[in-house]
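In the two complexes that follow, chain A is the common piece, with chain B as its partner first and chain C second.
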Partner chain A sequence: MLLVAPSLAMVAVFVLFPLGFAVYISLTNWPLIGPYHFIGGQNYSALAGDPEFIHSVLFTLLYTAIVTGPIFAGGYGMAVLVRSNRFGSTFFRTAFFLPFIIGLATESFMALLELQPDSGAADYLLGKVGLAHATTAWTVNYGLALTAICVIVTWFAAGLTMMLLMAGMQGIPIELYEAADSDGATWWQKETRITLPLLRRNIALSLIISVIGSFLAFNQFYILTEGGPGTSTQPVVMWIYEEAFVQYHLGYATAGAIALVIVIAIITAAQLYLLRDDTSAARR
Partner chain B sequence: MTSLTTRAPGTAGTSRTSRTTARAPRPATRVGFALYLIVGTLASLVFLLPLAWAVARSFMPDSLVTQAPSAQDFGHLTTGNYTGLIQANDILHYALNSLLVACGTALLTALIATMAGYGFARFRFPGSGVVFALVLVTMMIPFQALLTPLFLEMHTLGLTNNLAGLALFYTTFNLPFGVFVMRNTFLQIPWELSEAAAVDGASPTRTLISVLRPLVVPGIATTVLYAFLFSWTEFVGALTFLTSNNLYTLPLALLNLEYGSVGQVNFGYLEAGAVIAMIPCVVLYLGLQRFYIRGLMAGVVKG
Partner chain C sequence: MKLLSRPILTGAAALALLAAAGCSSGGSAPAAPAPTSSTFGVNATGTVQFWARTVSKTLAQKLVSEFNATHKNLQVKLTLTSINDDTTSLATSIRAGDPPDVVGLNDIDMPAFTSTGSFLNLTSQIDALPYKSDLSPGHVGLGTYQGKLYGVPYWADLSVLWYNKTLFKQAGLNPNDPPTTYAQILSDAQAINKLGHGIYGATFAGDCQGCLGFTVQPGIWAGGSHLTNGDIGSQTANITGNQSLVSALTLYRELWSQHLVPDNDRTDDGTTWGQDFAAGKIGIMPGGYGQLVDLAKPSQLGTEFMDTPLPGADGGYSTFDGGDDFAIPAAAKNPSGAWEFIQWVLQTQQQDQYPALGATPVRTDVLTPAFSAAHPEDAVALKALANGYAPVTMVYDQMFNQAGGPWFQMFTTAVYDGNMTLALQQGQSGLARLLQQATS
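Our next item is the complex of A and B:
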């Protein structure tokens, strides 16, 4: 079919071929320049014993564990606030969602200044309430940098969760709430007995999207900490990038990347599984 | 498609119900509404103030930006960071690079996705299910994990250090979403309309252009908007595939301001550059919000 050929060609050239190529590279000691040898599974066994790689995996998991909750809670609360169409709700939705539109890279550059000692707004504001010194340097300390980045990411991503949950909430038939009202149900009862159960699919979807985003974190760490101090705040994608394009261990880096592909593919498969109702109904 | 204007499940007795029954709002409702406004406004400030603050900072000279904030700063606003950034760092050149890549990506994605969406929605052919699945599978593959093979492949093809190459890369990873949205758009069109056109002797291509276009424009707008915003804000791909300074996109130019300069970072410039990067996103979103939300409701956007 001629109409779909271009799409197929693009996907074949930029996704399917690289994917197969990646598997091949990961089985070699590919340097950027010069000859390479087939070394079988050595890269993979080396990964398992590489403290730097393992740290980046654990760090990514820790980061994901920290941010997923606040992003979801914030997004859910905001969705409850703005789901009805009443005065101000459109404005609130736009305001809450704006950071997501602008993008984490741009916002990380903005945050860099505000996290500086002596001049940043973070120290200024927290200093006023006695939570920080005017000289706290946020980006060069493991715990402080992780804290700051988690706050920024929550601020950035909660709007997306809000939008996804709000769409689900608006899809719940109003009759259910009216019936509950006539039965004298309280607000809390309606939330826990009607909204939450019917929202399961949207909740799962928003969590999956948020977790994938966290697993692929790069911009905020690269811009704000460069993975430092040392490599303590280096997430997996940054490990791959550094190993491939700074250390020129392309084969080794790709082995790590394959591991990431597998994990993400499994999570996304769950996402597509959740979406299957829409898809299969529309197909045919 | 769930529309945002759908009557949403309200909390007990919104002001709307009270008004239609011409009764004064119950006290509890009025308190609830006030609470909603207060919480909403405070939360909005949390999201908007940092952005507004960044804009304000971008108009402060570097000597002030590197000192603790104070109310007096607002008495010294200047456009110096912007003029300096334009003259000394040629920021408009990088903005143009970003714009070229983003527009190229948006147009190419719209073209290819529209063709494929139409093909998938209207025609059955051997293996169409498999092909559609292959396109969707791309959504499962994070491009961040394919940087090494992509770099080697694109290098061999002469597509690294090449804005067109970057646009091709961005287009590919926007295609699954675009194809999905376009296919759904075409599926929602009443068949009779295109059948009538066919009866009148229009070819499938002719039908696509004359009859279906007006019905399809919202889908295309959604695809274009996502592709544009994706490539305008993308960072790690550009970092990997662009190596010469004069091809850098805006985020890389900002990175240069952070790490490239010898000695002290010019934070005033960095802030002004970030604001420049922010503007198209805000303008496009505010202008085309309904198309963006259409895309979100398709439910397949990746965060």
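Our next item is the complex of A and C:
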């Protein structure tokens, strides 16, 4: 007990206290400045009937549903390409992971320039193959903006998934593949019967990180669309930001943040349950 | 371990909640005090903590440097705050009981603080200023709450109409006869647009809500109407039947639909605003005075680029009286020193330096023939200041500065979609909803 006391103290000070304080703020009408009052669960009941909040939650779910698959598939594919120590693997690992290192905010600003009508590379290149014209305004059209952001985020996040899966793949004993080879297994059979089952924990981790990241999406939308047109591309974190630091309804915004924490906790728990490794428990 | 950890964690959470409740015991705002001492602001000593937004960095640094060089017993320490979180930083410091002694706050954010008793009541001090009637009216209006003055102008960021004299000449227009009505803006833009070769008649930041509020509204005010009526607490939306507004939206609709502005204006969120004008490719640009001072070479100002007041549909002019107000937080530790610094900044010697630092003075009485000769472009802005205005409302950001706000929704529907009837309905209902929320 004594040995874990410092860790517990850190958790209490930096996690439990702020969380408890945030819960308290969410039960008040906390403004930017001035008096505030305890209002019980009014903020939470208001959330349930707030069409803008509900829209932002639904949009976040849609966005998460769209990007999770491509991020995983892209990351898995890249991990397959670079998992062995062949010539050039290090170069490609670096190249694939680089977007994650550069950062989403920087890439969003780069994209903002390249998505400009008339002057951006996107219209120019897509125009060459007949998929766009020179004045396509990506960032002010709901469908186009969402498409562009999903592509950028997939490019950004797939590298992290690649690293997580590649580490798992490299940890699988080579003897298993040699045995499969001697039994005449195909590449596909080895991938689906050996690699995927033994990667369950890595897959769970990468999916959880990916989904949480999507739920907390902010930078790319703030920079590229500001939630527009209207509030059509406003994810829930941007709703919280706008409500807190533009509308100055800090109590109400904190209620939204607490609700988001609960939703993320539930989804993460569900993912952990669905991707649990029963075999490892049996081994113990 | 399992049996032990649960009560410990539960106890820690309970402690956190108790501590949180304890922290919140001071949840009522004090009444704003007013300094009464006759020595307030005279020969103060010590240090003055001055928070200014990064947007006024050059000006603030120069003023503080000169003040400190001439006041050995009173030193000002400058802290620059981000333009995105300056209000929350200030609010946090006030809540913590440790605010700066003086703050340069975006004037549209003043009502959020003046209405909560956060600033010193400076009414008697401002009333005693011999140049009070010459202070920027919009700044003073935003620093006023229930008849009392809590803020005094710091610097002005005014909107004007920039035009390219070279392109005017090339298009056969008189470069010394800038547009003074909407019809002239349109016809001049059409003439310049005909030059071709990537030259456009006009430009605006079409995806920048704040920029559009800054440049479109003055034309509406010049026409004699505002988008809201009444004082804080009883304000109503004034969109339906607002002919000045319809004229302004129609002008921008024509500029857009006739392709008199670049296509990428539609997605300009303000980050590249004015660069095409500074590159000499645009005939007319509603913008800020300081904006072009930053973008253009000094030699281009007055020769290639000149400004004129933002006109209304049929004449008259106005400007968005933007910029910052000085305010002294109620819990400031050295309010006397802060007021001494403010008075020094407002002296004409300091005000005369503003144009070279990309800002417009906040006293209209500094507009002398000598000032006009030395700073002709800023003189235009300062002349417009006399007709300047800034909406006094608790919900300016929500109404005008948000992508999902009613102002931009109305602008988008009217200008890009061409549906004026729906736009006005959206504007009326959106503004009314926010004003209702602000009073409830």
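Descriptive notes on the structure:
Here is the rule we go by: the second predicted complex is superposed on the first by the 249 of 284 C-alpha atoms of A that agree within 3 Å, B and C clash if a C-alpha of one lies under 4 Å from a C-alpha of the other, contacts with A are read in each partner's own complex, and residues count from 1 in each chain.
Methods note: a contact is a pair of C-beta atoms (placed from the backbone, for glycine too) under 8 Å apart; a residue touches a chain by one contact, two chains touch by 3 or more.
A quick note: this is a predicted structure, and the numbers were derived from the prediction, not measured.
Following the overlay on chain A, a clash is recorded for the pair chain B and chain C. Of the two partner chains placed around the shared chain by superposition, chain B and chain C are both touched by A:Q116. Of the two partner chains placed by superposition, chain B and chain C are both touched by A:F245.
In the superposition on chain A, A:N219 makes contact with chain B only, not with chain C. Judged by the number of chain A residues each one touches, B leads among chain B and chain C. Once the two complexes are overlaid on the shared chain, A:A167 sits against chain B while remaining clear of chain C. Applying the stated contact rule after C-alpha superposition, one finds that A:T254 touches chain B and leaves chain C untouched.
When the shared chain is aligned, chain B comes close enough to touch A:G159, but chain C does not. Judged by the touch definition given at the top, the superposed model places A:A204 against neither chain B nor chain C. In the superposition on chain A, contact of A:A46 is made with neither chain B nor chain C. When the two structures are aligned on the shared chain, A:G34 is found in touch with chain C, with no touch to chain B. In the overlay built on chain A, none of the stretches 21-29, 201-209, 219-227 or 237-245 of chain B clash with chain C except 237-245.
Judged by the document's definition of touching, chain A residues 1, 8, 11, 16-19, 21, 25, 112, 116, 118-119, 134, 245 lie at the interface with chain B and also at the interface with chain C. By the touch rule above, chain A contacts chain B in their complex via residues 1-4, 6-8, 10-11, 13-19, 21-22, 25, 78, 81-89, 91-99, 101-107, 109-110, 112-114, 116, 118-119, 121, 123-124, 134, 155, 157, 159-160, 163-164, 167, 169-172, 174, 176-177, 181, 187, 194-195, 205, 209-210, 212-213, 216, 218-219, 222-223, 237, 240-241, 244-245, 250, 253-254, 257-258, 260-261, 264-265, 268-269, 272, 275, 278, 282-283.
Remark: chain B residues 2, 4-12, 14-16, 33, 36-37, 39-41, 43-44, 46-48, 50-51, 53-54, 57, 65-69, 112-113, 115-116, 118-120, 123, 125, 128-129, 131-132, 134-142, 144-153, 168-169, 171-173, 175, 179, 183-184, 187, 229, 232-236, 239-240, 251, 254-255, 258, 265, 267, 270-271, 273-274, 277-278, 281-282, 285-286, 289, 292-293, 296-297, 299-303 touch chain A in the complex.
Residue ranges on chain C touching chain A, taken from their complex, read 4, 8-9, 12-13, 15-17, 19-21, 23-24, 27-29, 85, 87-88, 91, 94-95, 112-113, 115-118, 207, 262-264, 266-267, 269, 271, 397-398, 401-404, 408-409, 412. Residues 1, 8, 11-12, 16-21, 23-25, 28, 31-37, 52, 112, 115-119, 134-135, 137-140, 225-231, 234, 242, 245-248 of chain A touch chain C in their complex.
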